[in-house]
Amino acid sequence: MPVIECHLIEGYDDAAKSRLCAALTDAVRIVVPAPAESVTVLLHEVSASAYMRGGTHRTPAPALPDPAQTVRAFLDAMEARDLESARNMLGAGFTMTFPGTDPMTSLDALVAWAAPRYRFVTKSYTAFECLPSQDEHAIVYCRGTLSGEWPDGTAFDGIRFIDRFEVMQGLLTRQDVWNDIAETRGTS
Amino acid sequence: MPVIECHLIEGYDDAAKSRLCAALTDAVRIVVPAPAESVTVLLHEVSASAYMRGGTHRTPAPALPDPAQTVRAFLDAMEARDLESARNMLGAGFTMTFPGTDPMTSLDALVAWAAPRYRFVTKSYTAFECLPSQDEHAIVYCRGTLSGEWPDGTAFDGIRFIDRFEVMQGLLTRQDVWNDIAETRGTS
Amino acid sequence: MPVIECHLIEGYDDAAKSRLCAALTDAVRIVVPAPAESVTVLLHEVSASAYMRGGTHRTPAPALPDPAQTVRAFLDAMEARDLESARNMLGAGFTMTFPGTDPMTSLDALVAWAAPRYRFVTKSYTAFECLPSQDEHAIVYCRGTLSGEWPDGTAFDGIRFIDRFEVMQGLLTRQDVWNDIAETRGTS
Amino acid sequence: MPVIECHLIEGYDDAAKSRLCAALTDAVRIVVPAPAESVTVLLHEVSASAYMRGGTHRTPAPALPDPAQTVRAFLDAMEARDLESARNMLGAGFTMTFPGTDPMTSLDALVAWAAPRYRFVTKSYTAFECLPSQDEHAIVYCRGTLSGEWPDGTAFDGIRFIDRFEVMQGLLTRQDVWNDIAETRGTS
Amino acid sequence: MPVIECHLIEGYDDAAKSRLCAALTDAVRIVVPAPAESVTVLLHEVSASAYMRGGTHRTPAPALPDPAQTVRAFLDAMEARDLESARNMLGAGFTMTFPGTDPMTSLDALVAWAAPRYRFVTKSYTAFECLPSQDEHAIVYCRGTLSGEWPDGTAFDGIRFIDRFEVMQGLLTRQDVWNDIAETRGTS
Amino acid sequence: MPVIECHLIEGYDDAAKSRLCAALTDAVRIVVPAPAESVTVLLHEVSASAYMRGGTHRTPAPALPDPAQTVRAFLDAMEARDLESARNMLGAGFTMTFPGTDPMTSLDALVAWAAPRYRFVTKSYTAFECLPSQDEHAIVYCRGTLSGEWPDGTAFDGIRFIDRFEVMQGLLTRQDVWNDIAETRGTS
């Protein structure tokens, strides 16, 4: 049933508007059990000269990039061992925690940690799930299964994983990883 | 900058309205990098006789319970070994997957599986994170650390975990669990 | 697709609001080929102290009675030969035109005209259709079939008729009648 | 007093917007006895990317043609005996009922029926009145007087008529005709 | 033509809403040369639980008292020589400047200054004019004519004056006075 | 807290929209003690074909010029003794009242009146304050200090003044002047 009107300074492209409409639709549905087709979203765009807050006109900030896409690009770069690209996606204060590790602050530390654990690993994604935080970062969860080769060259696959990322202004500031590698290794 | 107006049939209590305001605020901020204090949300409540869709008046559905609270209540019941209460929170088709398990469909199966693994386990929560899905269920992530006793009576703590739940109409329909128990056990 | 918001001074009862919602829904659909379920109407009621036009607060006029109901009550009174009730539903300047008559201004004239034509007549209604005019009156069409007895006592039925009424402030100001009585009589 | 805001996907031309504003104005005035100059209508047009229902962007349907104009064009074609043009304005399931006839489904049937009744007939229009239905068709009433020649070549005029049309997507699906021809013929 | 909608947390009384409607009407008319009767103002009141800014519900501040009434009450108290009441209407940092004086900070200073100038003075008011400032205070202008007696007991009247006040939260923080007393005295 | 939406026919330039936003912001703040940064103004511009009042589309009137700028231009012209330009800024029925004068209707009368009073005078402006009236004119107050030379060639400065203007459609219709010239002259 709900109708949501969102007033914005004009300047957002269609993709950003589409993401915004979808996010507002979903936001309502977590509280109001409305069937999807009864949730209507309208964006009203006003020119900068037609918006004033506190007696001052405002310039609209550019839309934030889709945090799920940022995470996906990072994971792709890591899988392709393109560390330089991956490094460019890291924000200030980035930390990454893997099963059994303390927080690491560099990709090199991660590579060193992983070396004795597997020759390589490939991710199959079940889903990316994305949500805002009350702070400035967005949160992205991605989960699926890992396949790859153990150090001795034997293959593994179907190992469940989940990653949690914090993304700020298009840069990763935190990664937390859980998976069943130890469980699997222990039973194999 | 954005101003969000949401038109609702009246009848939601203050807690539901508060959750709705917060969800809409957060939804905008995942796309528009507005500072928090510039996001305004207004709920306009109309009487049922003042709302018509498709030529028909509608009755507002009651607000959905907060899915994070549902999950928390379930986890508390499990920790207190109050299986009956926990069972009442499960919806049709409920499955739970733990590290190394296939999907289990009953709490008894879980208890049987856990018995040889630890005497008991207690969860400390870092955060509950809640998001809508495109389907009818909401998603709740909760993460933190586990403490407890191994079968031999020695204590453990600080083991990272993350749970992912799907919640539909106040009932759990899916739980997926990841943690570092195998990793820890392997290294201990 | 359209969403219609109508701002009103509060004070209309549910029936009036319902009629207003329906009238707005229909109005949109005569221009925009939207499926019914995608037309949403919201009435926003404000208190008299929250509405000002031209620097002056206004008192809302009471809702107009449903003109179709007014017409129906008049036709029922006529059929029951309750001329006094029917007369009380006539507004200033009322005229009625029947097949082959000049405009008549009194119910007595009508009764005198009808006397040699049929003993009595009963209306079965197919539909009442109601629309606003650009002037102050509403227009009501009602159509269906007539049954009754000719002056010689033989019965007739199934004769098509249509009436057009103008209704102002709950009173009839004009009635125009067409029917197939002459056609039927001619062929019988 | 009422202020009506109607939110639309952009793309309607000025004529359609004008008809929509007028239809909304009239719709209000059938319930609320507001003087014309106090009814304000605002159309808010949003781009397709700024509108979402049920999580999906929508494409606006083109405005429906003015049903009164459709009817007028049909009547003009009939009067000019341009049957082919008139036939192109008929929709699936078209029926027409004239005084004393069963429903006819083709213009040829009408022509055959009319042949012995009058040499030709010309319509003078008093008014076209147009209203939405609760179904998908619009309803158009047109009334006025007929003039023409009887089969014997004598002239007639000033005979009252009323036609009722149903119009769907710019095509006629039903015509019902009442007039005083039999009444007049009978008295002449 | 303009329609102004103002969204407020509920809790303002009718007098405050009336003043707000009038202030918004006037504000538009200083820019848009709309005839009065075409300016419509609607206040939409939402409950505190239906309003959120920056993720926080807000408590509405009570309406400010009408600054013109505050000024009038002060001037009445002064004229009645009720210095105690007048003093209670003064805010922190109050200053008053009269023709030829430096800013004075107390009513006693004023009384001392006025003593040799006139026995008493009475104000007739032509108008109070009130406007907001960009700061927190409101501005009130009042003008009219003075009558009274010179120290020698001769009467005067019709002397033009204008006072400018700054009013903050119902208290006077500044008064500036101009009048033609010196002009008149000089010519008498 | 308030959010103000103002619906306008499109066609106003950025400067007019900016003045309108500011005027609406200020109008709210004279009643509601909201901190500036919590007052949001949105102008919604609709095309002329998307606005109807009383069943009629309307043409937007051009924005009124800023009355403070009109007054400033007049005062500048007077100071520069450019009487012709100043005269062109006067509207029908213009009157001006100075300390001790009756209302004068021409600039020549003013010049004649001032000649024996000072050789020239220059204004330093503290502030221009502008407000709407309930009538068609706007009101502009300007105040500051005067400097110049007395007829005997001695200089003066720091003499307080205040002018009140009425401005209609960009032309001055009334000026009232108060100052401390007589007070100063009397004490010098």
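Letters A, B, C, D, E and F name the chains as they come in the text, with residue numbers starting at 1 for each one.
Rule of thumb we're sticking to: contacts are C-beta pairs under 8 Å (C-beta built on N, C-alpha and C of every residue); 3 or more make two chains touch, one makes a residue touch a chain.
None of the values given here were measured: they were computed from a predicted structure.
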| item | value |
| --- | --- |
| Other chains in touch with both chain C and chain E | B, D |
| Chain whose mean Cα position lies farthest from chain F | B |
| Far-end chain from chain C, centres as C-alpha averages | A |
| Turn needed to bring chain A onto chain E - CA fit, degrees, nearest 5 | 180 |
| Same-residue or different-residue interface between chain A and chain D, half as cut-off | different |
| Inter-centroid spacing, chain F versus chain C (mean Cα positions, whole Å) | 56 |
| Rounded Å distance, chain D centre to chain E centre (Cα mean) | 62 |
| For chain D, residues that touch 2 or more chains besides their own | 3, 5, 7, 26, 37-38, 40, 42, 44, 51, 53, 55, 134 |
| Contact graph of the chains (line, ring, star, complete, other) | other |
| Chains touching one another, given as label pairs in label order | A-B, A-C, A-D, A-F, B-C, B-E, B-F, C-D, C-E, D-E, D-F, E-F |
| Residues of chain C defined as touching chain A within the complex | 3, 37, 40, 42 |
| Complex contacts: residues of chain E adjacent to chain B | 7, 44, 46-47, 49-55, 57 |
| List of chain F residues in touch with chain A within their complex | 5, 14, 17-18, 21-22, 25-26, 35-45 |
| Complex interface listing, chain F residues touching chain E | 1-9, 12, 16, 19-20, 23-24, 26-34, 38, 51, 53, 58, 60-64, 67, 97, 99-100, 129-134, 136, 138-139, 141, 143, 160-162, 164, 169, 176, 178-187 |
